[in-house]
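One structure is given below, represented as structure tokens, and several questions about it will come after.
Labels A, B and C are assigned to the chains in the order they are written; within every chain, residues are numbered from 1.
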Amino acid sequence: MDKRKAGIGHWVVVVTLFVLAVVMVYPLYNQLVISLTGPEYITQADGTTLIPRGFTLSTYTSVLAIPKVYWGLLNSLFITAAGLVVNILLTSIGAYVLIKRNLVGRGFFMIMIVITMIFEGGLIPDYFLMRDLHLLNTYASVILFKAVNPYYLIIMMRFFDQVPKSMLEAARLDGYGDVRILFKIVLPVSVAGIATISLFYGVFHWNEYFRAMIYLSSEHKWPLQVILRELIISMEKASFIGSTNFLQSTGAAAIEFKALKASLIILAIVPILLFYPFVLRYFVKGRLQGAVKE
Amino acid sequence: MNSGLLRKKIKRDRALYLMLLPVLIYYIVWHYIPMWGARIAFQDFKYIGTNEWVGFKHFKMLFSSPVFLRVFLNTITISAMKIGFFFPLPIILAFLFNEIRSSGYRKIIQSVIYLPHFLSWVVIAGIFISLLSSPLGVVNQIITFFGGEPVSFMTSTRHIRWIFVVSETWRSIGWDSILYIAAINGIAPELYDAATVDGANRLQQARHITLPSILPTIITVFILNMGFFMNAGFDQVFNMMNDAVINKVDIIDTYVYRVGLTKGNFSLGTAAGLFKGVIGIFLILGTDRLSRKTSGEGVW
Amino acid sequence: MKRILLSSLILILSVSSIFAGGAQDEAPMQSDDVTTIRIVGKDFSPSDEVNLQHLRNIEAGFEKATGEKIKLELVSVPEGAYGEKLNLMIMAGDIPDLIYFQGGDEVIANQGLLVDLTDYVKNSAVMQDVLMDFNKERLANYPYLLWIAPPRARTAVIREDWFNEAGGKMPVTVDDYYALFSTIKKNHPEAAVVTDTGNTGRMDFTFNQAFGITATWVKENGKYVYSKVSQAEKDKLAFYQKLYAEGILDNEYITTKWDTMEDKLYTGKVAGAFGTAGIVLDIYSDKMNENQGVGLVVLPPADGVGRGYSVSSAKETRGWAISTTSEHSDLVFELLEFLATDEGQFMERYGIEGIHYNMEGDKVVLTDKKGDWWPRFHEVMSWDAPTPLLGPAGMKGWEYILDYAVSDPDFPIPEELSPTWDALGNLYKEYSFKIISGEYSIDKFDDFVAEWYKLGGDKVTEYANSVLN
């Protein structure tokens, strides 16, 4: 229990954060409202719209009626989950080993890894690599893309660094090998770090669309973001040439482009909104406390 | 260190090397092999058939543009402004979070503060253009309400770079603060209890406990971002620039996009990437060394 | 902990099983007497039933017309990454027979991967018939892309009620335009009269010729000069400056995009806009009626030194190309020819029977889904549509194009001059806006010209004179 007293400074902080939160949320709230606005009022809807006039769920029902969207959702979930397993595993292993300052070649490895953060061959060599590895059009190509992000690796190292040496000593004395130390001591104690990195990697996978578009030629493997973007683009084309009717393959009612764009923004964010509080649970203060028996 | 000692150390650590192997394989296969593809920066790219080596031709084309110097300076200026003004803000935000005792309130705020990060720059550009429009945009309405003259912000060469900094702040302050919040949460509460007993107030506690504890994290983030210094944010610039301010905000990436990529000149794009990368590496190594000398901490 | 390890192992194993799922989409089946032609286009996805139906119709029509059996196959490419995916396909050696390009074709053509269409076109009666002058000129400059579509000139539209209120007289000269615009502005001071999208590109279609900007490169004293540094340009900018100062030209035009331009029109923030002549004008009209309850009046280009819409003859900016690796280039061209004939155009313009139109006896009746359809290959302007496809606004736009399109002998900028050209373009962007917005006085234009030449404009002008003479 935090025993610090509340003073005027505290209230300044509270208010500032509140204002900040409102400013952050407002545009998304605005998009939500637009996505729920009926076609008669949609043209007038703009950045100041606060209430969905002509309230309608039809935009959402039309989008969610498209089978492709469900496939996209499933694919995204699969890619994100599988990706996270690979990411956390490899990043943890890498961080655990590379944090050992007296490892021979450590500096060399670190530089080698940081270089990959800055330099890359680009899309074309990556594509041909996938082709040569026979990974084109496989989920693996997307899952393994940026499997170990040097930035996150180094951050994980920072978290691991905070594990008390005494714990590691104790484990060694008990005869624990490195793998056991990593999985039984370091990881459980660095839960905040794992949660943070998982969030970063998770969001990365969830939002990734370009490589998925390029590597995956089968549309039924496409993650949600790709589907949503394709929807926008074809809708834009249709809207551009004059149609306010939705894609032929849906048989859905007329949807306005503006409302569609807004609804797709909301749809892309909702899963993250649901996932994040789950992660927040691990951002608990003083997790280390109690783990070290002095 | 003599080779005998070296071999002994390697033998002792052989389990570690084995553990590291999959990670190394990943980097070699997924990064170093394709990196070899970046040699097209020194070749004339051909769709089929073999590329011919042309040495520094593309670099020369890059540097010889009458606007290259300006584009280069824009990139540096915008990046520097972002680092100077934006970088500390997520840290400060994390500190503010730390002051909230009610975990309920904290959770609510935390759950929304990162949301703008998920909006694409297309959307954010639209928002800012609309907010800053003159005379009817919200900002100008406020200005005129207080008796001022409306300003056309998006077309003002004096303001445009600041708009980039502000919009970047708005978008990323919440998301970037997550890491610092996690770091602050790792600080043992006993430290704070002890300090309170010693009579330290909140500000002092922040300065003497929180800050030093997360300083390694801050330094790490700072140095790593130095590697991206020459990027300056393509998506943002691309979506928010317009003809009026193009000379102030055209960065290397937007230039390369226009002159190289849209024309299928991949070699030019790759050459620019190498150029940016070399500078990035120097900046990382430089700031790392500086940091080690002054605070003892490096990036790893 | 063990459980987590176990589950991750299972997950990884299942992931690896997906490695096996790397099968490419099936290879095309080739029967002996049917030739398969592989096509890749934008907005032309093989997973869209409408596209497939259209191709089947074309196959049937083609067989009827030529007796040859073909199978048309679409290659799947994601819209969001069309250019990149296309490039990768070509690099990997997977080159379809018929390819749609929207940029990035020059490098590929320079490598000899695209068929030179000159002879095909020369020997084709159909093509000679349907290609407009500017198409022929573009092919002469760059014979790799075929794009049969109306020139993309933007025509001015004004809302009917405010137009009539201001006298309702069709403006002809620049002065007429000014008079009309000022009156509208006087009647509706809160609104702007016209807006543009990021630059004055659209507006220029209406006013360029009138001020003497008769081509991209104009002759001054016997030598070619870039139009944007000519005296005519200066006069035009002075005019725009006046429009901006008086609030006739939307002061926010520089940050306006195509969708916000339309929004402004439909919400009465602007009296008029500029749209591509053709179906776009019908769209504007319909939406205008929906939102404001009025129609739009289509205005002709202004008359002055010249009159018309300049159509650049440098090269097609997009279009269909035949790959040199195709084994059936003759057949592919025949297909392109067929699509330009009356039979082909019938299918191309009306779409799918039962969806976009219905036959009532001999008459074509368009359904309300007609707006969902667009021509996949060619849009021949001279085709006589039995049932009109365009509404009054669209037709008016086309009428103006046919009456006023003016050829613009232009040329593609060579690669070595690209960076310079880009820099010169930026210079113009900066100066033109500052002058129009009034930040610079019109005299600064001369400074602009001097700087333009110094920055490398002299080199480009030299090149232009060598090429255009």
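Here is the rule we use: a residue touches a chain if its C-beta (ideal position, glycine included) is under 8 Å from a C-beta of that chain, and two chains touch if they have at least 3 such contacts.
A quick note: this is a predicted structure, and the numbers were derived from the prediction, not measured.
Each step here moves to a touching chain, and the least such steps from chain B to chain C number 1. Among the remaining chains, the Cα-based centre furthest from that of chain A is the centre of C.
Separation between the centroids of chain A and chain C, computed from CA atoms only, is 37 Å. Each chain gets a centre from the mean of its Cα atoms; for chain A and chain B, those two points are 17 Å apart. Touching two or more other chains at once is no residue of chain B. Taken residue by residue, chain A touches two or more other chains at 46, 124, 128, whereas all remaining positions touch fewer. In chain C, the positions touching at least two other chains are 87, 91.
The touching residues of chain C, when paired with chain B in their complex, are 87, 90-91, 93, 103-108, 111, 113, 198-199, 251-252, 254-255, 415-416, 418-420, 422-423, 426, 429-430, 432-434, 437, 455-456.
The residues of chain A lying in touch with chain B in their complex are 2-4, 6-7, 9-10, 13-14, 16-18, 20-21, 23-25, 27-28, 31, 46-48, 90, 93-94, 96-98, 100, 102-104, 109-110, 112-122, 124-126, 128-129, 133, 144-145, 147-148, 150-151, 154-155, 157-159, 161-162, 177-179, 192-193, 195-196, 199, 203, 207, 265, 268-269, 272-273, 276-277, 280, 283-289. Interface residues of chain B facing chain C in the complex, by the touch rule stated above, are 45-49, 61-62, 64-68, 129, 133-134, 152, 154-155, 242-244, 246-247, 250, 255, 258-259, 262-265.
For chain C in complex with chain A, the touching residues are 1, 5, 8, 11-12, 14-16, 18-25, 43, 47-50, 76, 78-81, 84-85, 87-88, 91-92, 258-259, 263, 266-267, 279-280, 282-283, 286-287, 291, 355, 369, 371-372, 374.
On chain B, the positions that touch chain A within their shared complex are 6, 9-10, 13, 15-17, 19-20, 22-24, 26-27, 29-38, 40, 93, 96-97, 99-101, 105, 107-116, 118-119, 123-124, 127, 130-131, 138, 170, 173-174, 178-179, 181-183, 185-190, 192-193, 196, 202-203, 205, 216-217, 220-221, 224, 227-228, 266, 269-270, 273-274, 277, 280-281, 284, 299-300.
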